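Below, subunit A partners subunit B and then partners subunit C, in two separate complexes.
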Partner chain A sequence: MAEVLKAPLVVEFPFTRSLGPVQSAFLSGLRERVVLGVRGGDGRVLVPPVEYDPVTSEELDELVEVAPTGTVTTWAWNHEPRRGQPLDRPFAWVLVRLDGAGTGLLHALDAPDGPGSVRTGMRVRVRWAQDRSGAITDIACFEPYEAGEAGTPGEAGEPAPHDGRFADPVTGIVAPARLDYTYSPGRAQSAHLRALAERRVVGERCPSCRKVYVPPRGACPTCGVATSERVEVGPRGTVTTFCIVNIKAAHTANLDIEVPYVYAHIALDGADLALHGRIAGIPYDRVRMGLRVEPVWPDGGGHPDHYRPTGEPDADYETYKELL
Partner chain B sequence: MSGATSTATGKEPVAVVGIGQTKHVAARRDVSIAGLVREAARRALDDAELDWPDIDAVVIGKAPDFFEGVMMPELYLADALGAVGKPMLRVHTAGSVGGSTALVATNLVAGRVHGTVLTLAYEKQSESNAMWGLSLPVPFQQPLLAGAGGFFAPHVRAYIRRTGAPGTVGSLVAYKDRRNALKNPYAHLHEHGITLEKVQASPMLWDPIRYSETCPSSDGACAMVLTDRAGAARSPRPPAWLHGGAMRSEPTLFAGKDLVSPQAGKDCAADVYRQAGVADPRRDIDAVEMYVPFSWYEPMWLENLGFAEEGEGWKLTESGVTELDGDLPVNMSGGVLSTNPIGASGMIRFAEAALQVRGQAGEHQVDGARRALGHAYGGGSQFFSMWLVGAAPPAS
Partner chain C sequence: MPVPRPLRDIAVVAFAQSDHRRTSDELSEVEMLLPVLHRVLDRTGLRTGDIGFTCSGSTDYLAGRAFSFTMALDGVGAWPPISESHVEMDGAWALYEAWTKLLTGDADTALVYAYGKSSPGSVRDVLTRQLDPYYVAPLWPDSVALAALQAQALVDAGDTDEPALAAVASRSRRAATGNPHAQLRGPVPQGDYVVRPLRTGDCPPIGDGTAAVVLASGERARELCERPAWIRGIDHRIEAHGLGVRDLTDSPSTRLAAERAGAFDAPVDTAELHAPFSSQEVVLRRALRLDDSVEVNPSGGALAANPVMATGLIRIGEAADRIRRGDSDRALAHATSGPCLQQNLVAVLEGDPR
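Up next is the complex of A and B:
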């Protein structure tokens, strides 16, 4: 079997988050080196604070300030930090119950002496980031805190009430997301792409309904059976329908295409459904349903850059109306 | 025939006793996603005069995770929706998800799995970019060159070619829906001073679709409380009763697909009408909330849903039948054209249909509406969900 193509696919986007009152107070507090929690209906102090009581579902707004010191309640060693993690050398992921809090905060513990130096019950304290913007990363990480070794959780006494007000509060954050994949288009499309490199358009015929799919998918979406019989189609075809694009979408802005342009559905001769492509080589306002077109190949092979009129008479509506 | 729902199938009758929406806007920067859904849920509970402990299960829906970048938001929203210690389900069916979410919740009551279910759908489009979410750059594939409008515009051209509809029909729909929205305090777009001339003069984005014939991008949530016969008996306000509900799917693209009038849509409507004992939808249904993200989809769905013969849908629009004071009002709320928090848009259609038969639609109420259809579609016209609700309980 011929080789199946593969390529890296990185999906990333800077999502934004509106914080609402509770998270706004929490992150504004971190910026000012204050750790806030919220008191739940059962009296427990939840850190980080949440907007709704996990037990009663009631809205929560009784903010309190807890200590920047606490106790590790459990941990796991991270041998190989990845991109975007709090530290670039091996560290421990820890749940820390800050003094005054009733729940654990997940963060990183800087433990330069290795996993042998980490234990449940050890005392730690916040190491504040140099530059703070109102984000969880304002806590750079936790670090061992020898001086408080003898202490017990809550030794600081009752956490102090806090009104949650800060000058110039943080109301939103950017939460960039990034996913790294290895993408493979599969057997059928790999074969299709290899044929395109030779300026041939090859689809696959369903053994059951006999319909020809271009590009091929390796299976028929209506019959649910594998397809393998290769069929060369086109390269000429008929414009079945189209639209005239007058605005650049964000993802086409970096493509070198001037608006307006025509985005068309093209039924290649021998194919049983239309594929999508751009029409050029004719004024945009003269493109019409039934126009006969052929691909214009880019240098070096690959997908047609666009399609242009062949000069043949237009196809009769009856010949392509089932492909609309 | 009209008793099919409860008698022939042995299903529990299902009633809508609470409806809540947020005021839909371009950006709700004052609340988190949790705060947004909470607002709609609280309003639905208040409408039903119920509280969190009265709810047995929660069913939520939203558009794909990429649209906001929150993986499995149902986990994070359990507290805000009072789901702790209760079953919580999430439904995924692209743009139709608000409708199918309501139907999954409905079936839990109809099947007597739960007595009272909270269902909710939402989208906070301002936190992301749906256009980006719909067009990830997949290696080896040619980019879709035209965005969502560009995907649907060629189908609109095909509809016009097939039916000979005059080019102005799309602008009539947009003008009607934007005027209807002025009567709906929850609608996103309130274009005071809208005129037909303004719609027709708006820029052509994806010819034949003009700017004013496209939906906005909204932040919003919609919630409903669904309950059984006993719950309905305790309802402080008139319930809306389910007379029929169905979902259908088909592949996005396949040889023989009719993108103007998809078979799955026809089959879905036929199933709903059979359950509800509707012989002639044009005569038997008083009002319709259908999913029209681009104005031309009104005449297209009028045909797909059986309100007009094939090729005749545009004539209903052109003759004013679908106006608020027409014989078959469509999108009394202003529709998706005026409000589009994607994941919630389908549920808003269902909820607005229920508001009509409860007589609680306020200024956009259709006088004497007894039976109303809510409709949603999604993906590349591949997912369909619909329900028909009535002022009277289904015959039993």
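Up next is the complex of A and C:
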């Protein structure tokens, strides 16, 4: 068997998320170097604050200000930081119970003296990011603060009430996410793609129902068995149904395609499943069911760029009515 | 008071799994799945058309292949349309859905399958995308880092130490020498820290694999299997989602699920625990009150093979297989999902008296 195909694949999205009132107050506060918590039904101050009580599920709204200093409740030494993490040099992941809070906040601890300098119970304080936008990353990280005794903003022992109001509050966040893969399409699709590079269209036949699938996915969806017999189909085929696209592509490789254009289901000769492709080389309003077409290959091979009329007489409806 | 029996007797009647491997470049998900689906159906003599309900568990994020779960359905033979469902969770939760479907009487048999293809991506980073998107995911804390925070909390509490964790790891891989499907078998070095205090040996192998189970009710189960593994109880529970809200050294959700599944009503002889990290076995043993009389993870567990999204279903399948073979009369199977044992499912399986 030929070696399977592989290619790098990046999946990347900016996720835009709206915030509830408690999250909005917390993230607006971070932008202003204020750390807010919310009091839960059991009296605990939750930091980071949540919209609903983790025990009773009651809606929460009693905001309080806690200190930017706190105590490490557990830690883990990360000697090889990964992309996106708060620091690009070795650091400790920590849960920190800020002074006045009853729960831990997850973040990074910058500990230049290494893992030997980190312990549960150590005192730390927030290091604020230079540029703050209303996000958890407005806390750049924590840093050791051994001199500091436990205290609260009001020094009263109890966190101070806060109305959660800030000028120009943050109402949403944009969280970019990126994951990198090495994509391999598997046995059947690798063979299909290799054939396309040679301007051939290869499908696979089901050993049970004898149908030929193009492009092949390795299994017959009707019989639930592996397909393996390779069958060359086309290159000519019949338009079984189509639509007229009137909206221009907003981005990607299709920018230079003028609208309106026709997108069609095409049953290649010998295939038992229609695939889809763009029809060109004919005015869009002349395309019809039964039109005979052939692929137009791009330079260097790969998927057909589009299909164009062959000039043959139209196919009889009876020959493709099962392939709509 | 003992937990009452379910409304209907439902059993695991067959189980199959792939060999779990570091990579499976040559196979798409459905190509990886097909042989396992055929094997599990062969064990019962059932054909796709005989199955009343099909449910699967997987996540497209692992391999970065959109709608892979719909393409995987090709392997079932889903046309003409079958009664089918999918959960973006470990297959153990797909089994739970199938169990409820059988309880209603809508179906007498169910096919449950799960697959995970971690090799194309970086599973440590992929799993960050399941975290709280506001306060946690933007920091990209990977799955090993979060487990390490839990491990350190256990060390600080005096519940374990590095030698004890290493012993869990080596016992698991030693047990896996009897499991031809496992990815890591026999002696595996504890290695260096990945995220301290967890070393390579404390972490699960990264790999690809798949598993499938057939459920059947009542007499149908007895027709299909000589010794069905009856599901006496099954329940799943979740912790508060804030990591800092939880006591990471304990697993109240596991304990509650076990109570509701009737796990404490009588002793079990076997427990298949889904503990991807050695430190998590420490938490689970205590939450489930397992003493030395219980054989824990005779398959090697998640430390020997961890096809993410299938590992929990495999625990149920391995426990059921021991009952079918007569190696167990009453077994507990546990599955987990999320960071630091966030969600936990417990099933209690029993064989007919011998």
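Definition applied: the second predicted complex is superposed on the first by the 309 of 324 C-alpha atoms of A that agree within 3 Å, B and C clash if a C-alpha of one lies under 4 Å from a C-alpha of the other, contacts with A are read in each partner's own complex, and residues count from 1 in each chain.
Please note the rule applied: contacts are C-beta pairs under 8 Å (C-beta built on N, C-alpha and C of every residue); 3 or more make two chains touch, one makes a residue touch a chain.
This one's a predicted model, so the numbers in the text were calculated from it and none came from an experiment.
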{"item": "Partner chain(s) touched by A:R236 [first = subunit B, second = subunit C, both, neither]", "value": "neither"}
{"item": "Which superposed partner A:L46 touches (first subunit B, second subunit C, both, neither)", "value": "second"}
{"item": "Contacts of A:G172 with subunit B and subunit C, given as first, second, both or neither", "value": "first"}
{"item": "Touching partner for A:V245 - first (subunit B), second (subunit C), both, neither", "value": "first"}
{"item": "Which of subunit B and subunit C A:R127 touches, first, second, both or neither", "value": "neither"}
{"item": "Contacts of A:F13 with subunit B and subunit C, given as first, second, both or neither", "value": "first"}
{"item": "Subunit B versus subunit C as contact partner of A:W77, first or second or both or neither", "value": "second"}
{"item": "First, second, both or neither for A:Y183, with subunit B first and subunit C second", "value": "both"}
{"item": "Subunit B versus subunit C as contact partner of A:R194, first or second or both or neither", "value": "neither"}
{"item": "Common interface positions of subunit A, toward subunit B and toward subunit C", "value": "9, 11, 15, 17, 19, 23, 50, 54-55, 175, 177, 183, 185, 189, 220-222"}
{"item": "Residues on subunit B engaged by subunit A in the complex (per definition of touch)", "value": "27-35, 38, 52, 66, 68-70, 79-82, 84, 124, 126-129, 131-133, 135-147, 149-150, 153-158, 161-162, 203-209, 251, 253-260"}
{"item": "Subunit A to subunit C touching residues, read off their complex", "value": "1, 4, 6, 9, 11, 15, 17, 19, 23, 27, 46-48, 50, 54-55, 73-79, 82-86, 93-95, 97, 103-108, 115, 120, 135-137, 173, 175, 177, 179-190, 217-226"}
{"item": "List of subunit C residues in touch with subunit A within their complex", "value": "25-31, 34, 37-38, 48, 61, 63-65, 71, 73-80, 120-122, 124-126, 128-129, 133-142, 145-146, 148-153, 156, 193, 195-198, 240-245, 248"}
{"item": "Touching residues on subunit A, where the partner in the complex is subunit B", "value": "5, 7-9, 11, 13, 15-20, 23, 50-57, 59, 171-172, 175, 177, 183, 185, 189, 193, 209, 211-213, 220-222, 240-247, 249-252, 255, 257, 260-261, 263-265, 272-273, 276-278, 289, 303, 317, 321-322, 324"}
